[in-house]
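The following block contains the structure, expressed as C-alpha cells.
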Amino acid sequence: MLEKMNIDQLLNLVKLLGSGMGTTLQIFFLTMLFAIPFGIIIALAKNSKNKIVAGITKLYILLIRGTPLMLQIIFVYFGPYYLCQITYDRFTAIIIAFVLNYAAYFAEIFRTGINSIPKGQEEAAFTLGMKKSQIFFSIQLPQVIKRILPAMSNEVISLTKTTSLAQIIGVTEMFALAQKQASFQFSIIPLCVAGVFYLIMCGVVTLAFHQAEKKLDYYKIV
Amino acid sequence: MLEKMNIDQLLNLVKLLGSGMGTTLQIFFLTMLFAIPFGIIIALAKNSKNKIVAGITKLYILLIRGTPLMLQIIFVYFGPYYLCQITYDRFTAIIIAFVLNYAAYFAEIFRTGINSIPKGQEEAAFTLGMKKSQIFFSIQLPQVIKRILPAMSNEVISLTKTTSLAQIIGVTEMFALAQKQASFQFSIIPLCVAGVFYLIMCGVVTLAFHQAEKKLDYYKIV
Amino acid sequence: LGGKNAKTEEAKTFTIGLDDSFPPFGFRNENNEIVGLDIDIAKALCEKKGWELKVQPISWAAKEQEIDSGNIDCIWNGFGLTPEREEKFTVTDVYVSSTNKFFTKADSSCQKQDDFKGKKIAVQTGSIQQADMEKSEFGKEIGELVQYNDYLTALMDLETGRIDAVFMSEISGTYIKTSKNKDYKIIDSEGISEPNRDVVAFKKGNTELKDEVNQALNELKQEGKLKEISEKWFGEDLTR
Amino acid sequence: MAILTVQKVSKYYEKKKVLDDVSFSLEKGEILVIIGASGSGKSTLLRCINQLEKIDEGNIIIQEQKMIREVKKGKPIYEKKDKLEKMNLSCGMVFQNFNLFPHLSILENITKAPMTVLKQDRKTAEQIANQLLIKMGIENKSDQYPCTLSGGQQQRVSIARALAIRPEIIFMDEPTSALDPELIGEVLKVIEELAKEKRTMVIVTHEIGLAEEIADRVIFMDQGKIIEEGTPQEVIGNPKQKRTREFLTRYQKKQLRFGDGS
Amino acid sequence: MAILTVQKVSKYYEKKKVLDDVSFSLEKGEILVIIGASGSGKSTLLRCINQLEKIDEGNIIIQEQKMIREVKKGKPIYEKKDKLEKMNLSCGMVFQNFNLFPHLSILENITKAPMTVLKQDRKTAEQIANQLLIKMGIENKSDQYPCTLSGGQQQRVSIARALAIRPEIIFMDEPTSALDPELIGEVLKVIEELAKEKRTMVIVTHEIGLAEEIADRVIFMDQGKIIEEGTPQEVIGNPKQKRTREFLTRYQKKQLRFGDGS
C-alpha cells in the first residue's frame, strides 16, 4: 500500500486534494470570522455581573466543551428539522456548528486575556472619563490580542484539522477527498498527501501568528 | 431516527456503552500517565541550550501539531510493519500514538508554565547551593502545576473525546459502540447517550481540576 | 493460522477482519455481539474446517494495512469485487451478489432512474457505489453527488428532504427497510454499475489459504448451507 | 464656596469599616495633603471620590453637585449616569503605579481621553499634549512607549494624562512611592510646579517633606478616621494627637539615623 | 588573608562593557558597601561573584580558591563543578525582590536548602530556622506563606534564608529599595544587627545613611569601574572624584529639600 506512484498520479492527486482545499479554507476562514466576535461576546457574558447571563453562558460552554463536535454538527444539521421541520443548507450548518463550538473555546481564551490585564488600567481610563465600551475597545482589546496570541494559535491550528469533520453531513472538503481516494486506490498515500496539506496550513498559521506576535512586540506586557 | 425507545432498551444501551467506557478510561488514564512525564521531558528539551536538541524537539512538535492524530495513529500502528516487518498489539499502538500526540501539546503548556516562573527564584535557589534538578523538582515544578492547571484542563477535556479515534485501528471504545449501535438500530439515540457519557466525564474532569485549583489556592502566584 | 505464519498445524485460529457496522454482513446487535450474514457463513466454514473463528473489527480505512501486516487472515465483509481489488488481493469466488438501487422516500415523485436527473444523490464516501456513479454517464446528469460517511446520516438526510435518493446496494437498503419498517421506494438502476459480487479477500499471493476457504465455501454451497443462511437474512437466496 | 465636600462618608469592606464618618471640604486652589499609616483608608477615600468604589453612608459633593441623590432603606442611591460622568470628568487621578496604557505611545496615552471623551480633534489634542509634555520635561519622549521610560518619566506622563482632560481637582495617590529614590526628585519637582500654579490638589503621600513644602492643609488619617487636620505647621510641626506624634516619630527616627550625608 | 579577592574582572553584555577591570578584596569580618548610579554595574558585580553571570576577564578568588582555572585563547575556563559549588555555598545572596518561594511556608523557605544541600535533618534545620526567625523578629510567621507578609517581613525572611546555609560572606543587592518607606526601617535594623556580629558582608545600597553607619569600606562605582574606594568618611564625607561628588549631591539635595520633619 506504499507502492510507488508515478509522478503523474501524484500530481493528479495533489490537484484533486487541492480542489478540496477550497471548501476546507472556506470553513476555516468563515469559522474564524464569526467565532471570534461571538467568542468575545460570550467571554463578556461569562464575566457579567448578571448571574443569569453568566450562568447560561457557563452552561453553554460546559455543553460545548463536554460533547464531541461531531454530535454538535449532527444536532445543528438535523435538530431544526426534527423540532420544527426546518431544513437548510449543509454548508451553513457546518459553519454554524463550527462557530458555536469554536466560539466557546475562544471565549475562554479571551476571558483569561481580559482578566489578565491589570485592573489599574481600566480604573485609570475610567477616571479619565472613558465609557465602558470605549475602555474595552481602545484600551483592553488591543492588549488582549497580544496576550492571547499563543493560546489562540493552538486553537486555530486545531481548527485546520477539525475542518475534516464537515464530511459527516456530506460537505466534501479536502480530507474527504483524500479518504475517498485512499479507499479507491487501496493506498494510504492520499492520506499522507492530505497530511502534507495540513502541515502546510499549520505552517502558514504558525508563521502568521509569529508575524503577529512580532508586530505586537513594540510594547511589553506589564 | 429519533423514534421512541423503551426504558429497557435505553438501559441496555447505557449498559452496553458503559462497558465500552472501560477501554475509553484505560486510554484516557494511560495517556495521561505517560504523556505528562514525557511532555515535561520535551518541554525541557525545547528549552535546552543545545541547539540540536531544541531543533529536533521543535520539529517534533510541529509535525505532531501539524498533522491529524488520525494519521499519526495509522503511522504508529502500521509504520513499524512497513519499515521492518514488526507488528504489535493495536491497543499498545493507540497508547503510543496518543502519548506521542498529547505529550507534544502538554509540552507547550509546561514550557509556558516553566518560563512564567520568575527567574529570580531559580537564581535565589542557585545561590542557596541547590542543584538544577533540585531546583526544578522542588521549586519550579510545584508552581508550574498551579499555573498550568487551566490550560491542562482544556487539553484533558479534549482527550476525553479524542479517545474515540481509537476505533480507527479497531480498538472498540465507548463511542465506537455508540456508532455501531446507531447504525444497527438506525437511530441517533445511541450517539446522544454517548454525548451524555462524555458530558459526565467532562464534568468529572472539570470538577477534579477545580478541586486541584482550590487545593493550590493556599499561595498566590507572584 | 492467524497472524503471518498462516499454516502452523497447532494454531487453528482463523481471523476475519471486518467493519462491524455494516449490516447485514457484519454488525453489532443490541447485545454488542457481532452478527450477520458473513459471520454465519464464516462460522459454518470454521466448523467444517475445525478452525477457531476470530472476528476482528477493523477500520475500513485501514483494511489493506491490516491484511498486509498479517493482523487478519482475510477481509470478509460483503467485500464487493472490482478490477482494482482483484489486482490488490487474492480473492475467492463470488459467494453473494446483489445490485445497486436508488432508495427514495415513499412519496417521492421519482419513478424511474431518469427522474433523478438533476437531483441530489447520496452515496457512502469511498464506496463502490460512489466510484460507479462518478464513472457512469448517468452520474454526469445528476444534480449533485453528496458523500456521507455512513448510511445513517444519508438516510436521515433523505427524510429531511435535502437529498432525493441514496444510491446503495440492494442488500443493505432492503435490510434497513425491512428491519426498521421504513417505507422507502426502491428504484432500479441501469447502466451505472455491475452487480456487486462479494468475495473473501486475502493478502496478495496467499493462494494456499484462499484455495482452502474457496473449497470449503463451495462445499457449504453444495450442502445447501449457504442458501439456508441467506434465507435467514434476506428471505431469498442471493448466494452464487 | 467649597469645590469638594466630603460629608460623613463611611465605607465597609465586608464587615470591616475602612472609612469611618469622614468629613472635610476643599476650596478652589487649595492643596490638601493626606498622610497616615498603611491601611488607614487614604486610598479608599480617594477611590470613593473618584467613583472607583461606592460609599455606604454619607455624601460627596463636587462643584455643588451631590453624588448621592437620596437614601433608601439605609442604602445610598447614586445620581444618574450623566451627572456622575460630569463629576468624574472634573476629577483627575494619578495612581501609584502610573497605570499607563502600554500599547499606546506617550502621546497617544495623553490624547486618547481628550479625543474620545472631550471629542477634541487630533490636532488640538496633540497640541495640548505636547505643551503638557514640555511642562513635564519629557517632550522628546512623545513617540516612545511606556515600557521604555523610567518610573519617574512614566509618572510624569501619567500626570500629564490626568491634566489633559482639564480636571478641576487633581488627586494623587502616593505618586512617588513606586519610584527608585533617585527618580523621586523629578516627580516632586513637577508636583511643586503644579502647586505654584495654585491648582486644586489632593495628595496622599509618605513624603513628609512634600507635605510641609506645598500643603495648604494636612489631614492625618488613622483606621478610617480623620484624626487631625490643620496647616502643616500644626499637624506636622506640632501634632496634638498621640497617634500623629507616634506616626511622625517613626519617620523622623529613620531620617535622623540615616539622614543626609552632608 | 583576604576571604574574597576580585582580580581585574571585566564583563561584557554583547559589545557593552558593564564591568571594566574591577579589582578589590575583602577581609573576614569586613563590611563593604557599594554605591553608584543606576546602571553602573553594581548588581552585575555581585551576580558574577555569585556565579549567576560569567566573567569575561580576570579572576575571582573566594577563600583561596580560584574560580577561573586557566585562560584559553583569551577565554576564561571555569573550575570543575564541585569546586564551584563549594564556592557558591560560601556565598549567600539577598535580592532586591526577596525572591521567596511562594509555594513554601516561611519555615520551609528557610529549611529547604539546608535539608537538600547541607543534608540537615528536618529537626535540626527547623531549629536553626526558628532561631533565625527570632533574630529577624518574625518568629510568629513561620507557618504563613510569603504572599501574606509585608515586603519588609519578606525581606527579613530572605535574609534568614540566606543565613541558614551558613555562608562566609553575605551579599545584598539593594535590600530595601523594593520596600515602602515605612518598612525600610525594620530591614535596616536587621542589617545593623548582622553588622554588630561582624559578619562579612557586601551591600549594594542607595541608603547613604546605611553606608555611613555600618560600612568599614565604601566603593563608588560608575560605568563599570571602581572610581573611588575608602572609609565612609573618605568616600561620602569628603569625596575626591568629581563624579562621586555629583552623585552624592543629588541625594543630598533631595534629602535637604524634603528632609526630616522635626
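In this document, chain identifiers A, B, C, D and E correspond to the written order of the chains, with residue numbering beginning at 1 in each.
Simple rule for what comes next: a contact is a pair of C-beta atoms (placed from the backbone, for glycine too) under 8 Å apart; a residue touches a chain by one contact, two chains touch by 3 or more.
Being a predicted model, the structure only gives us computed values, none of them experimental.
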Quiz item: Going by the contact rule set out at the top, which chains touch both subunit A and subunit B?
Solution: C
Quiz item: Looking at CA centres, what chain is most distant from subunit A?
Solution: E
Exercise. Give, as an integer number of Å, the spacing between the C-alpha centres of subunit E and subunit B.
Key: 46
Quiz item: How many Å are there between the centre of subunit C and the centre of subunit D, using C-alpha atoms for each centre?
Solution: 82
Exercise. Just give me the whole-number Å value for how far the CA centre of subunit A lies from that of subunit E.
Key: 52
Quiz item: Tell me, which residues of subunit A touch at least two other chains?
Solution: 74, 78, 188, 191
Quiz item: When you check subunit E against every other chain, which residues touch at least two of them?
Solution: none
Exercise. Would you pick out the residues of subunit C that each touch at least 2 other chains?
Key: 61-62, 65, 68, 156, 159
Exercise. Could you list each pair of chains that touch one another?
Key: A-B, A-C, A-D, B-C, B-E, D-E
Exercise. Report the residues of subunit B in contact with subunit A in the complex, numbered from low to high.
Key: 1-2, 62-63, 65-68, 71, 74, 78, 82, 105, 108, 112, 150-151, 154, 157, 161, 164, 175, 188, 191-192, 194-195, 198-199, 201-203, 206
Quiz item: In their complex, what parts of subunit E are in touch with subunit D?
Solution: 37-38, 177, 180-182, 184-185, 188, 206-213, 236-237, 248, 250-262
Quiz item: Mind pulling up the subunit B residues that touch subunit E in the complex?
Solution: 118, 120-121, 123-130, 134, 138-139, 142-143, 146, 216, 218-222
Quiz item: Inside the complex, what are the residues of subunit C that reach subunit B?
Solution: 4, 20-23, 27-32, 56-59, 61-62, 65-66, 68-71, 150-152, 155-156, 159, 176, 179-180
Quiz item: If you look only at subunit C, which of its residues touch subunit A in the complex?
Solution: 60-62, 64-65, 68, 84-85, 88, 122, 125-127, 130-131, 146-149, 153-154, 156-157, 159-163
